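Both of the next two complexes hold subunit A, though its partner changes from subunit B to subunit C.
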Partner chain A sequence: MPNGLNLLFQFLDSFAFIVLAAAGLAIIFGIMGVINLAHGEFIMVGAYATTLANLEAGLPLPLAMLVGVLVTAMFGLVVERVVISGTVPNAIGRRVLGRDVVEPLYDRLADSMVATWGLSLVMVQGVRLTLGNSLDQIGTPLGKIAYGGFSYSSYRVLLAGVALGLLAATYLAFTRTDYGMRARATVQDDDTARALGVDTERTYMTTFALGSALAGFTGALYAPTITMVPGLGGSFLVEAFVAVVVGGPGVVLGTTLAGGLLGAINALFSNLVGTFFGRIALLVTAIVMLRFLPDGITGFLDRLRQRRQEGA
Partner chain B sequence: MLELDGVTAAYDSTPILRDVDLAVAEGEIVGVMGKNGVGKSTLLKTVIGLLEPTAGTITYAGTDVTTATADERARAGMGYIPQGRDVFPTLTVEQNVRMGETVNADSDELLYDVLYDYFPVLEERASQQAGGMSGGEQQMLAIARALVSNPDLLLLDEPSEGIQPSIVAQISEDMQAINEDLGTTILFVEQNLGVIREMADRCYAMERGEIVAELGPAALTDEDAIAEFLAV
Partner chain C sequence: MATETETTSGPGPVDGGPDGPVASLRTYVEGPNTVGQSRPFWAGFVVAVLALAAYPAIVGGYQASRFSLFMVYAFLGLSLSLVWGYAGILSFGQVVFFGVAGYTFGVVAVNFATPAGITAAFFAGIVGGALMAAVLGYFMFYGGVRDVYVTIITLVSTLVLHTFMAQTAGDEWTVGKAALGGFNGMPTIPNLAFGVEGAAVRFGSVSFYYLVLVLLVGTYLGLRALVNSDYGRVMVAVREDEDRTRMFGYDVERVKLVVFTVGGALAGLSGVLYAAWGNYVSPQVFELAFASLPVIWASVGGRKTLLGAAAATIGIEFFRNSLGGEWALVAVGVLLLVFVLGLPGGIVPWVHDRYLGFRTDAGGPAPPESAENPEVTDS
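Right after this comes the complex of A and B.
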């Protein structure tokens, strides 16, 4: 029995981690065609801002987490204007040279990866230089669940609930709000969206800020459970990246299915042969999926749907 | 209402439109006819702002909109129906129509009832994915999407393309009725002779990116005069 329970908790833990790590990356990839390799560092910004707000400024934890989310969203907004859309360099270029100097990175996977990878290096070094090699850590709240000889952190169980809530909220945001409709229309056909009055630039900007806010949220949530070092984003990025590869461009469905599948694989292998093999199994899954479903589960479903419509 | 003065436009550096002069008065239905590839779609894309002219000016409702973006022009009251309809395939029919609410930002009246009267199928299948509808239904959907917030000018690209003749005739009638009932000014491009004669009050002929003739109501009754510009 404890073994079954153990497996269940490990699954929930892994599912939550994958979903929360991937959500922001998946939104930005799915809507803008941009892979943000600095996503892990955005999570680090959220975790650091939360920790500093809680331990240095003395804010209660929930408020400190809100600070983490807002700081990361603002940071994301600046990155979008400067690096992703190129609006700021182009405004300067037009003033100084009389012309644009860069093209937006929208829908340019490889270019966006190079640019954001560079950004991630700068961010890690920047934080190391200004705040040192580590920060004090917030203690994990909420205590433990005990069952016989088995005990588990309540906070980490709570995270699984938060992950499910986040998926539901994201689903509603993309199906029920004006922003969500505009974002989906922009992905499907940005010319037609613009011709219908959608300011697609603004939609992209909002999307990046939203994806950044989610990264900040993840950092805020995990801040009490991880060691505060400048490179803490690395493990988040790996799992988020694998989840997006496996899930494909469908944001909510892709993240849910990838979180479920990868969470199960990770829990199973970690339980049977150890944590290290759990992570290896994730990478192997990603490679196998890339071979057989190169555009992920949702890309595959999309193609099925299209074939059915053309046949009809 | 709409005036193009010496408009030249290009994709990358290949010039497509050359020195186009064209005017549409309020309440008119004006056609532009021409064979495949003469630049009709390019003309409408330039009018809505998806392509920026390299020379010339575009004036809409007394304002110079030459450098305005497409979304700005749409919000200023231009509705646009692209060639091939371009409905958003994975949005529902109703969500597609709702996307048109941003057009003509000044309007505080939404025409769902009017449009569902014209095209009842859109109400019946409101919650279905738009990608699964037939060509004719998608055309009706694209019309409703462009008209729902009552734009002043409607730009319509080859409404007859890929649609059964019976539905083509119905759509031309609907467009005329919409023009009368709602007062929507319409600029459309076509290569279907029947649709041009049926719908247009007046018509321009286009060849290789240039306007080569203007046909008034009398000339439009002369089938041979029109066919000359559409012959292969």
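Right after this comes the complex of A and C.
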């Protein structure tokens, strides 16, 4: 029985980790067609801002987390304007050279990967140079749950609940708000959306800021549980990336299903063989899934639905 | 070789038609798929190679040995230029083949530390890299995996190998006499040697430098011949439009598999030389930071030119190594951002276009209008 509970907790833990890591990346990928390889570093910004606000500025933890989210969202906004949309360099280019110097990275998957990879190198090394190789860590709040000789951090169990709440909130944001409607219209057909008066440029900007805010939120949530090093984003990036790819184009459903599947596999193999193999199993699953379902789980579900409609 | 980029921008006389044995050789390595067909280019090329050959005599053995690592990396840069720039397959996994070849060479060479054994290890490493690429490529291309999903699978493969090799610290991970060594890697890999006991050539620091230089020049010219052959044209057709190429009756999957395998062998060659250079290989070669380097080299130099990839590899690594330490990564990241945003084609094609523009202004024969079809008038 304790082993069953262990497995359950491990599953909840990996599920929460994957969903929280992936949410921001999935939104940016699904709506803008940009693969943000600096996503892990955005999480790092959130975690660092939270830790600094808590330990240096003395803010209480929830408030420090809010600071983490806001700082990352602002940072994301700047990155979108300077790198992704190229608005700032183009404005400078027009003034100095009389022409645009860069093209937006929207829907240029490979180029966006390369550019954001460069950004991530700069961010990791920049933080290392300015803030040193590590920071003090906030203690994990909320104590532990004890059961039959084992114990588990309650904070980490809470994170699973937060992950579910986040998915629900994202679903509502995309189905019930004005912004969500504009965003979905932009994904479907940005020319038509523009013709109907949607400011797609602004939608992209908001989307990137929202995705960054989610990354910051993830960083803020995990700040008390992980070691504060500049390269901490790396571990998030891999899981997030794999989950987005396995999930496919449907942001909320894809992330949920991918988180469930990959979380289960990771927990099972970690429990049976060891942590290394949990990770290897997760990665191999992703490769096999991509090979057989290149559009991810939600792409596959869409195809099934279409086929059924044609049959009826 | 970094100096070659400048030689293409200088003014020079217009070429005559092919005559003599050198000129007839040139027809094999010239064509629309590479930059640099003019006589000044080849003059510059020879000067650059001679300069590289004189380099150890000028700076001494230690600097030459350091420089040979950058040339070793150039094979890796060339392999990505081939698969990405010419066949349109963006692979983050060239380091997979690099690392597998390095480890294969290490395991075989440690177990059979005789010249014959090391010669066998050299080829085993390259075959290992090629085989790995063939398996992965078959799995992807014949499974209908395309575009960015290929990139993602190769990226994830790198991570799988990194995770896997990092946990091989225990005694059960010992192949014969060679311990894989987990995160600490495999030390004590012997130097490269060719031949059999009694009649062997061993490569120390300076002789290793010359071996790498000869291999690099040979590989560069060989690849030029490949991409300018009919097969090279099919590769470029696959890059430009897969469906249309299939319509014309070409087996697109097979072309991609072959190119990917050749790329794997090249990356494998690089990995073998790397392991022999440092007498060491570790899971670091599968790290994301290292996996991204070939993409950086090819993007900055210009992935659609072999020259750009090779020159940028040597240039960037020289720069990174000389700058050293903490600011090097920041500089590399900024470089990457600037080039992807401002100059998506890379340096060498840009210089080349300027050169063609300059020649047109100077009253030379007007080249065709675009970079799509550069320098066909030269031959």
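Methods note: the second predicted complex is superposed on the first by the 303 of 312 C-alpha atoms of A that agree within 3 Å, B and C clash if a C-alpha of one lies under 4 Å from a C-alpha of the other, contacts with A are read in each partner's own complex, and residues count from 1 in each chain.
Following the convention adopted for this analysis, a contact is a pair of C-beta atoms (placed from the backbone, for glycine too) under 8 Å apart; a residue touches a chain by one contact, two chains touch by 3 or more.
Just so it is clear, the model here is predicted, and its values are computed rather than measured.
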item	value
Three-chain arrangement built on subunit A, subunit B and subunit C clash or fit	fit
Touched partner set for A:Arg184, first subunit B, second subunit C, both or neither	first
Which of subunit B and subunit C A:Ala115 touches, first, second, both or neither	second
Which of subunit B and subunit C A:Pro60 touches, first, second, both or neither	neither
Partner chain in contact with A:Pro141 - subunit B first, subunit C second, else both or neither	neither
Contacts of A:Thr200 with subunit B and subunit C, given as first, second, both or neither	first
Partner chain in contact with A:Gln125 - subunit B first, subunit C second, else both or neither	second
Comparison of subunit B and subunit C by subunit A residues contacted	C
Partner chain(s) touched by A:Gly161 [first = subunit B, second = subunit C, both, neither]	neither
Minimum distance between Cα atoms of subunit B and subunit C in the superposition (Å)	14
Contact footprint of subunit A on subunit C as seen in their complex	90, 139-140, 143-149, 151-153, 155-157, 159-160, 163-164, 166-167, 288-289, 292, 295-296, 299, 326-327, 329-330, 332-337, 340-342, 344
List of subunit A residues in touch with subunit C within their complex	35, 83, 86, 89, 101-103, 105, 109-111, 113-115, 117-126, 128-129, 234, 238, 241-242, 245, 274, 276, 279-280, 283-284, 286-287, 290-292, 294
Subunit B to subunit A touching residues, read off their complex	48-50, 69-71, 74-75, 80, 82, 86, 88-91, 95, 98-100, 102-105, 131-132, 145-146
Residues of subunit A touching subunit B in the complex	181-182, 184-185, 188-189, 191-200, 305-306, 309, 312
